[in-house]
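Dropping the structures in below, format is C-alpha cells.
Shared between the two complexes below is subunit A, which pairs with subunit B and subunit C, respectively.
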Partner chain A sequence: MARYLSRTLLGTVPTLLLLLLIVSLLTKLVPGDAVDSMVNQMGGDSGATEAQRQRLREELGLTRSIPEQYVAFLRDVGNGSLGHSLYSSQTVRSLISSRALPTIELTVLALVGSTALGVLTGVVSSVRRNSKLDYLMRLFVLIFLSVPNFVIAVCVVLLPAFYWGWSPPLQYVPIYEGPTRNLLFFATPVTALAIGLAASVARLTRTSTLEVIGMDYVRTARAKGLTERRIVYRHVLKNSLMPVLTLVGLQVGFLLSGSIIVEQVFSIPGLGTLLIGSITQRDWPVVQGLTLISGVVVISVSMTVELLYGWFDPRLGAR
Partner chain B sequence: MSTPRTAGNAWTRRFTRRGVIRAGALAGVGAAAAGLVGCSQRPSGDVNSATSPGGGTSGSPLAGGTPKYGGKWVHSMATGNITSWDPYKSANGNAQYTGLIWDLLFSADPKTMALTPGLVESYEEVELGLHYILHVRKNAVWEDKAPTNGRPVDAEDVAYNLRYASGLETPGAAASIVRSSTYTGIKSARAIDATTVELKLSQPNAGILFATADQRQRVIPKEMPDKLKFEDSTRAPASGPFLMKEFNQGVGASYVRNPKYWGTTKNGHKLPFLDSVEFRAYGDEASLVAALLSGNIHMMQPGNTAFASLKAQNRKDIATYSSDWRYYDTFYINGKRFPDPRVWLAVQRMIDYKDLGDTCHLGDFNLSGPIDSAFPEAYQSSEIEKMPGYNPATKAADIQAGKQMLAAAGFPDGEGFKMEWFAPSTSTASAYLSSITRVQQQFKPLLPKMNFTINTTPNPTWPVTRNWDVASYTVYDGPNVRLALSQLQTGASRNYGSYSNAEVDALITKAFATPQSELKPLVRQIEDILLKGCPQLIWDSPKLIFAAQSKVKGFEELFGPGGDGSSLQHGTAIKSLWLADA
Partner chain C sequence: MASSESEIRAAESSFGSQATRQRLKSLLRVLRRSKVPAAFGFVLLILVVACYGAALFVPYQPNERAGAILAAPSFSHLMGTDQFGRDIFTRVLYGGRTSLTVGLACATLASGGSLLLALLFTYAGGVWEYLWLRYVDAWLALPGLVLLLVLITILGPSLLTIIGILSLSSTITGTRVIRSKILSVKGEDYVLAANALGAGPFRIALRHLVPNVLSVSIVTGTLGVGGFMLAEAALSFLGLGIRPPTPSWGGMMGVDGRTYIMLAPWMLIGPAIALSLTVMSANMFGDWLRDVLDPRLRGVI
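Right, the complex of A and B next:
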C-alpha cells in the first residue's frame, strides 16, 4: 500500500507541472494584463503614459519572460506562498485560505448529499422496478440530468420571490458564527449544485443494482430466506457501488467548476468568486494558485477513489 | 424467477400500513424542513418587518410627507474588488462606500445643476476661472478617532484635497489621479486662515468648482494617506452622514449614523434620517431581484428587462422609478481609421435612434445630440428630434443622404465598407452589445454589402489602445457642460474618436472662461459644428431606472439630471432617504 501510494504521488508531480505550464501559457494569450485592468478600473483614461504603465509592469514582474515567470511561480509554490496577488500584494495562499471555507463546505455538502440521495434513489428505483415510484423517480432523474445547475439555481432564487415574495437566505453566515444559519443558508445552493449529480448517480446506481440483483448469488440468498432489505443493503449494494464510486470521483471536478456559478448566484464569498474576479482583473498569480489547488484536489480525490476500490472489492485491494 | 416485489405493476400492489406510515413521516419531515427554511428567510434587522403604508404604485413617485427618523437601510454591494479606498484614484469602484462617510466640497442641485454648498459654505469669485476664495463650513467635524480626533474640517483639509485631486500634491503619481483633467489649471490652493482657502489657476477654468461636485470627489482628511493608509477603510475618519463600522469585500459592510453630521435638508431636517446602513453582496441580478421582492434589500437598479417586468407587475410593495440623469450612450467611430467626416455623418444619418432607444431602453430614454441633452445649455431632446438623422419623419430621406455620403466616400451601397463594432462587455444583457446588435439589424437591409461585424472579446485596454473601428460606451459627466465639452478637445483623454477641430478647440477654451449664464449660445455654436460631422455619436441619454420598496421615501428630492442618478449609485442619496415604517 505504501509503495502504491508513493508511486502514485510521484506520478502526480509531472501532471501538476504540466497543468501549471498549460495555464501559464494560456494566460499569456488573453488580451490585456493586470496593469491594463488596473488602469481601466481607474477610468481607463487616467492619463497614465505608456512609460508609467511599463514601470508598473516591471514592478509587478510582468515584463519577465514566460519561462522566468514560470520558474518564479514554482519557487513560490516551493516556499508555500503560491505567489502574490498583483492587486492586493497578499500571498495567494492567504487569499485562498480566507475564501476556501465556503467552497469546501459547499462542495463537501454537495458531494455527500448528492451521493446519498443518488444512491438511495437508485436503489429504491431498482428495487421497485417498473412501479409508479420507479417511473416517477426516473422522470425526475431525466429532468435534473437535462437542466443545468445554474438554471436551477436562478429559478430557485427568483421564482419564489416573484410569486410569493420569498427567497432562500442569500447572506452567507460562516459556520463558526452560527451553525444552524450556516446550514440553512447552504441548503439551497447545495441542492442546486447537487441535484444534477444526484441524478447521474441515481441512474448509474439503478443500472448497476439491477445488474447485480439478477446474479445467481442474490437468488441463492433469497432462496436461503434472507429478507429483501438484508439482501439489498448487505449483499447487493457494495457490489453495485463500484461504478458509482468512479463516477463520484470524476464528478468532483465538475462540482468545483459548477460551484463557481452557484457561488455567484447565491453570493457565496468562496474560491469560485475569487477565481472569476481574478480572471477579470488578470490577476494571474491567483488564477495559477487556484488552478494548482483544484488540480491537487482532483488528483487527491482520484487517489482516494482508487484506495476505496480496495475496500469495496478486496480482490482489487490484494492486487 | 422474479420476486413479487419486483414483478408486476403498481396497480396490483396494495398499500401497506408500513408504507403509509413511512410516507407520512417523510412528508412531516419535509414540511418541518420547509418551515425551518421559511423562518430563516429574513435575517435579523429585517427590512420588511412592518407592513407597507401602501404608499406609491409602480411607475409613480412616492408621496413625501414628514420624514421619519430611524431604521436600517439595506443596500446591495457592488461586485468587484476595490483596489484602493482613495476616492481620487478610483473611477467608481469605491464611491458607493466612500459616499457615505465623506462629503463633497460642493454638490449640484438635482434639478438645475446649480452649485450648492457642501463642505465649502460659500465662495467669492475674484476673477472668473482664475481666482476664488472659498469659505469652509464651520460646523463640519471629523470623526473622533485617530488621526483626526474629532477636530473641525478646516481650510487645510480643503486646500489639500484640491491640490491632491489636481495632481499637485503628488506630482510623481499624478497619472494615477483619475479626473485630474477636470482640475486643469490649478496653480495653487492654500489656507489663508482656519476656514478660508485661496484657489488660483494659471489658465481659465470656470468649471473648476463644478469639478469638485462630481459625486466621486470625496474630501479626505489631510492626514491621508501619510498617517492612514487606504487599505483599512474602517480606520478612516468620517465627516459625512455615516460612520463605517465594518467592511468585508465581497460580503458586506455596515455603517451607523454620524451624530455630529452637519447636513440638513432644505426644510431644516437634520440628516441622515436612517440609524444605520448595511451593504450585502449579491452575485447577480436574479439574486438582487429576489432580495428586493422578498424584502431583504430596499432598492436596486435593475436591467431593462427586469425593470419592465417589475413595472408590469404593478405591485403595491414595490415602486419603480425612471429619472433623467447625466449619463449618455455613445458610439465612438475611430477617427484615425475613418478620417472622412462623410463616413461619420453617413452612420449618424442612417441610425434609427428611436428604434434603438425603444429596443435598448424600452422607451426610458431622452434623445440626445452631440452634447448630452441633460445639460440645459445643450440642444434639448425636443430640438434634437427635429434635426437630420434624429427626426423620425425624415428618416427615409436621411438614409438616402447617408448612402450618398458613403458612395461619395468610396463605398457605394456599402461595398468595401468594413466596420468592426466593439462592445466592452460580453454580457448579452449589456446595453453596449444590445445597441450594436440593433444597429447591425438596422443596417443589414440598408447596406447589404457592408461588412458589419461585432467584437466582444474582453479588452480592458480598449480606451487606450483604440484598436477598434467603432466602440459602444456610456459616459458619465461631471455636473457642468464645460466638463462634457472638454472631452472633445484635441488630444483629450476621453476623446476616444480622436476628433480634432481647431475651431471647436478654441470655442471650448473660451467656454472655460465664460460665465455659466452666458454659456448657452457658445455650447450651441459648438454643437452646430459637431452636427456637421463628429466621430462621437451620442445617441441617447438613458433614464436612470430603479426599483425600491414602497416604504422608502425621499426620492423626489433627488430626481433630476443634477444629482439623483449618480448620488444613488454612489451612496450619497441614502442620507436623504427615510423609511415610512421607521
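Right, the complex of A and C next:
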C-alpha cells in the first residue's frame, strides 16, 4: 500500500509541473497585460507614458522571459506564498485563502447533496424497476441532464419569486456569522450546481444496481430467504457503487467549473468570481495560483478515489 | 518472415470485411425496429433543418426591429420580442446555427483528432507514449472552464476560436478512452494472427484497429455534441463567448435575459427550451447509438 501511494504521488509531480508550464505559457501570450489594464481603469491613455508603463512592468516582473517566470513561480510555490497579486499587494496565497471558504462550502455541499440524492434516486429507481416511481425519476433525470446549470440557477431563483412571492436570501453570510442564513443562502446555488450532477449519478447508479441485482449471488441470497432490504444494504450497494465512485471523482472537475458559473450568477464572493475577475484584469499570478490549486484538488481527488477502490473491493487492495 | 500479399489478404478476409458487412446488416435491422430513441434523432434533424434553414421559416431578420419591445408571445411573435423589439423566435433559430455549428464541428474535430493522436502515440509506444499520457493527465487536471476562459481572453471570442479551443481540449483528453480500446483490440486474436503473418503496422492499423475503434469514436463524438453546445452556451452566458448582436442561445440567456427576467421571462425561456431540447435529443440519440454499436460501453461512456 505504501509503495502504491508513493508511486502515485510521484506520478503526479510531472503532471503538476506540466500544468504549471501550460499556464505560464498561456499567460505570456495574452495581448495587453496587467499594466494596460490598470491604466485603463484609472482613466485611459492620458495617464501613463510608455516609459512609465515599462518601468511599472519591470517592477512587477512582467518583462522576464518565460523560463525565468516559471522558475520564479516554482520558487513562490516552494515558499508557500504562490506569488504576489499584481493589483493588491497581497500574496496570492492570502488572497485565495480569504475567499476560499464560500467556494469550499458550495462545492462540498453540492458534492454531498448530489451524491446522496443521486444514489438514493438510482437505487429506488432500480429496486422498483418499471414502476411509476421509476418512470417519474427517469424523467427527472433526463430533464436535469440536459438543462444547463445556469438555466437551472436562474429558474430556481425566478420560479419561487413569481409564484410564491418569496425569494431566497441573496446575500452571502459566512457560516460562523449566521448558520441558518448561510445555509438558506446556499440552498439555491447548491441546488443549481448539484442537480445536474445528481442526475448523472442517478443514471449510473440505476444501471449499475440493475446489473448487480441480476447477479448470481443476489439470487442465492434471495433463495436463502433474506429480506429484500437486507440484500440491498449488505450485498448490492457496496458492489454497485464502485462505478459511481469513479464518476464522482471525475465530476469534481465539472463541479469546479460549474461553481465558477454559479458563483457568478449568485454573486458569491468565492474563488470563481476571483478567477473571472483576475482574468479580466490580467492578474496572472492569481490565475496561476488558482489553476495550481484546482489542479492539485483534482489530482488529490483522483488519488483518493483510487485508494477508496482498494477499500471497497478487497481484491484490488492486495498490492 | 513476410508472407506474400495474397496470403495475408486471404487470412484477413475472414475477419475483416465479412464481419463488417454483417455488422452493417444488423445495424440496419435495429434501426428499423427501435422507434423511441430514433424519434430523438428525428427531432434533432428537424432542429438542424429549422436552424440552418431559418430564413425559409421566419419572415423577420434576427437583428431587425420587428415589433413592440418586450412584447409577450403572440401569433405574430411566437416567442415574444426582446428589449429592442427583435423577434425572439427568429433569434432562437439563428442562434441555433451558432450552437449547432459549434457542437457538430467540435464533435467531429475532437473525435477524429483524438482517434489519430491515440493511434499515433499508442503505436509509438515507449517514452513518447508515457510522456503523452502525463500530458493528458495534466490537461485533465485543468478544470475545463478555467482553461477556456484563459484561452478566450488570449484569442478573443470569435466562432472559430471557440470551436478551436473546445475541440483542442477534447481531442487531448479523448485520446485516453480511445487508447484503452486500441489496447484491447490489439490483444485480440485476429490482430495477433495478422502480425504473425507479417502484416506491417500501417496495415494492421487501417484494416483492423480503426474499424473496431470507430464505434467508440462515433459514440464519444455523438455524446459530445451536447457537451460542446453547453460549453459554448456557458461561455456566452458569462459574456465571454459569441458577442452580441450575433444571437446565440447562451448569450440570449445571459445579461439580457437576466436583466429583463421580471418583465419578460420569455426572453429567457425561449433559448432555454431550445438548448435543453437540443442537448436532450443529442444525448438520447447518442445513448441509442452507443447501445446499437456496443452495449458493453454502457457503464463507461
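What we mean here is this: the second predicted complex is superposed on the first by the 310 of 319 C-alpha atoms of A that agree within 3 Å, B and C clash if a C-alpha of one lies under 4 Å from a C-alpha of the other, contacts with A are read in each partner's own complex, and residues count from 1 in each chain.
Basically, contacts are C-beta pairs under 8 Å (C-beta built on N, C-alpha and C of every residue); 3 or more make two chains touch, one makes a residue touch a chain.
Treat the numbers as computed from the prediction; the structure is a model and nothing was measured.
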{"item": "Subunit B versus subunit C as contact partner of A:Met303, first or second or both or neither", "value": "neither"}
{"item": "Subunit B versus subunit C as contact partner of A:Lys132, first or second or both or neither", "value": "first"}
{"item": "First, second, both or neither for A:Leu120, with subunit B first and subunit C second", "value": "neither"}
{"item": "Partner chain in contact with A:Leu19 - subunit B first, subunit C second, else both or neither", "value": "second"}
{"item": "Subunit B versus subunit C as contact partner of A:Gln264, first or second or both or neither", "value": "both"}
{"item": "Contacts of A:Val287 with subunit B and subunit C, given as first, second, both or neither", "value": "second"}
{"item": "Touching partner for A:Val218 - first (subunit B), second (subunit C), both, neither", "value": "neither"}
{"item": "Contacts of A:Leu158 with subunit B and subunit C, given as first, second, both or neither", "value": "both"}
{"item": "First, second, both or neither for A:Leu145, with subunit B first and subunit C second", "value": "second"}
{"item": "Overlapping contact positions on subunit A, where the subunit C interface meets the subunit B interface", "value": "30-31, 154, 158, 161-162, 264-265, 280, 282"}
{"item": "Complex contact set, residues of subunit B against subunit A", "value": "3, 5-6, 8-10, 13, 36-38, 40-41, 43, 79-81, 83, 89-91, 93, 174-181, 248, 250-252, 280-284, 286-287, 289-296, 313, 317, 457-464, 493-494"}
{"item": "Subunit C partner contacts - residues on subunit A that touch it in the complex", "value": "11-12, 14-16, 18-19, 22-23, 26-27, 29-31, 142-143, 145-148, 150-151, 154-155, 158, 161-162, 204, 207-208, 211, 243, 253-254, 256-258, 260-261, 264-265, 275-276, 279-280, 282, 287, 290-291, 294-295, 298-299"}
{"item": "List of subunit C residues in touch with subunit A within their complex", "value": "134-135, 137-146, 149-151, 153-154, 226, 230, 233-234, 237-238, 253, 257-258, 261-262, 265, 268, 272, 275-277, 279-280, 283-284, 298-299"}
{"item": "Subunit B contact footprint on subunit A (complex, rising order)", "value": "30-32, 36-49, 52, 87-88, 127-133, 154, 157-158, 160-162, 165-172, 181, 184-185, 187-188, 213, 222, 228, 263-269, 273, 277, 280-282"}
